[in-house]
């Protein structure tokens, strides 16, 4: 497959920029290792010992939020029920493949905290805190953790930058890196984190993304928060025969996360675009005040955009939340929102 | 045509999710009936008698806005003049097909209030009012009326939900349903309504959509309000040989609605995306303050997004209003705005 | 090439609406002349003598900002270094073609002010000023200058309008036109200008666009302002074998403009979409308050949208600024932002 042809018609294949030579990328995990084989170590890479990374002191009153996260393969099923509950019909064909995920562990990666998931663990903090992500790569190729929104020095960026790459932008299989990010004033919000390594965007398309939520210091939490990634699993990343337009790793109502709330609760929803497409978020039976002051029930969310909304629940019943791009909706980008009276 | 192949390259065909079997959808109206043939009645469908639907009482000071609307076929011509006035050239080929429309009638569907149109009738209300849409389906397949923005209980949602479908989400040919929607505080704005039945999005792509405008109670109306749907007529919905990027059912300046105003008037424009594409709305010779406070003259409008703008007219002349996506503009998504001095 | 087929899959070709007959458009400059051959002069065209154009008096305290601009061909190289510094790899194939540019001259077009560039010259003004663009067309086909955002009467619109076209909407090779635009209250902002003539959008896709920046009267300027056009050079406009997703006329980090600032400076960035695609703007290591009040680091920018952001620089290092649509990023839509401590 040619480097220029990977993103094909309708996003059915995936661009992967890797030298001028032709590469094969049919979605099998082994490909990542093969693709990585020809990438030289960046010349200026400093291999600081993991333990030596300076740790930013949190602001007065803040705390250190330490996570132990590992990138690793996971056998993942996109449509576990094999049914589309919106259309009450069967979803045919294979939907299981070897994904990549960020998986949370106890300190020192001693034991996993639950199964590997797409998306990765939610990282929560308050303004003034410091986030420390102790990261280990147990995947087949170099990957990273690139955060949005929080403050980080350029060596904590988690981005591959060719010959200017820092250690955190090129974490090879078996290696570790300690990312330290500062939640200073002005970083409040919900943000994505994702791989931004030398094989970008292939590992991300296999599942390497998650959310960071930085709340203003001392602010009361919502009663319920929903984190909604609009993304896709495409043949070049899965080896499956078709595209799936997904929410949080799954496709079709009854498989995607069923969101829940009760009347009277304050509900926050946080929608993040995490593929090559533009989306609109629509929630049936509800509307909310946009940050600009208007009432809306449908908003545009582009690649890596993060959009947060809040409302007090007042409408019991069974509702759809979905992308209003019709072809995304009908290829799986929808789910149930169940409200108890 | 396979269920997965209906949305083709450039939106030239249309996805229609209907069981795992192959279906033909070349845009002929008969297809809808054929497609509907295999859809079973939802198991839990309650067939409440039309007359028994409880009617929400409007708030103190509010009124009931009752409409009698029928879904029906209409012979529709996309380019009546057969000319593109922007380029001063002929538009070749057929542009007439059998569309579907929401048509307004007098009480009891006794007599039509004018011809069938795309988009359907404008539904106007003030905060505190109740909207009642007495709906009858005289089309070839089950359709519904799904509103955005207003408040409705989940049985008034007008959405097909597989085995969870309520009566209002599956109105078969010849049947009626009474939708009751509440314009409570927080529903002010301009919103689309559209089919969301078991054949979604095919009936919508044939013309089943319209606008609701809920104004704050007692607020002075604009001197002029323009409602602008950006949508498309695609081969799978029309049987015609090409796509038309349309405004309010028509394509190309001189065919699309010619908007009008006079200097000194307060003008409201309400732009709604109603297809699979993202658009930007641009108006020549004018600019306006965005809800966020900035001056803009060009804004993104995604599928089912509704964007309202206002300005006091100060610039006489002949202007274009158009989608600034170049390929949409040149396939018809433009019109004249004529301002008298 | 058929008029309807010019915008092909993935934007690789370009729509050009020119009568019902078939046209060839392989990107060679000669094509424009050929395409223009069959366009008749608009019937109502008034050929006002250049010198007779009435000049709006600026408001009290305002000034006339006069520019002498010429549309002309320029030999343009999209990837001068022939390297992609993000991926540290070679960019193969030809990247040089005959573009079109708006080039600034001294009064009377006596001498060029530097080489021809894509984008064209930045036009700066304050509220209350009048902008005068003395325009001469030395390209191969009729082109115009259509501004966004500023106030202009309909004869100063620079748009081809079929039989309603004014002189400023059809400036033939060798002809001149004086555009006079009014920066009255409410025109503050950054706006694109671009060709909107009878061959739209082909000349724009060859490079005919630039920016206008109208600042509030007397407002202190930012220490640094960056103007960032997201656009593309496509085969139908270049004759080259592939698409390049570009920033300010160039593709790939190290070729696109390297933005610079120092810690402590107030930085303004102004992002404008100038092709058929939707984009998101992302800047590593930074975030800013959106006009709606939220902190963001990634925003959607559609065709002809203009988005301005500001922040005080606080983060030294080597950063990427890029479009977060992955396929655009990997086809060149990225650059370096270097911040000195």
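Note that the chains are named A, B and C in the order they appear, and that numbering of residues resets to 1 at the start of each chain.
FYI, a contact is a pair of C-beta atoms (placed from the backbone, for glycine too) under 8 Å apart; a residue touches a chain by one contact, two chains touch by 3 or more.
Source: prediction; values computed, not measured.
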Q | Degree value of the rotation bringing chain B onto chain C, based on Cα positions, nearest 5 | A | 120
**Q.** chain C against chain A, contact positions shared by both copies (same if over half, else different)
**A.** different
Q: Let me have the rounded angstrom distance from the C-alpha centre of chain A over to the C-alpha centre of chain C, please.
A: 34
(Q) Show the residues in chain A shared as contacts by 2 or more other chains, in ascending order. (A) 9, 278, 290-293, 300
**Q.** Residues on chain B engaged by chain A in the complex (per definition of touch)
**A.** 4, 7, 9, 15-20, 42, 148-149, 151-155, 157, 159-164, 186-189, 191, 198, 200-201, 204, 273, 275-276, 278, 290-293, 300-306, 308
Q: Sort out for me which residues of chain C touch chain A in the complex.
A: 9-10, 84-90, 92, 242, 253, 278-280, 282, 284-285, 287, 289-300, 315-320, 324-327, 330-331
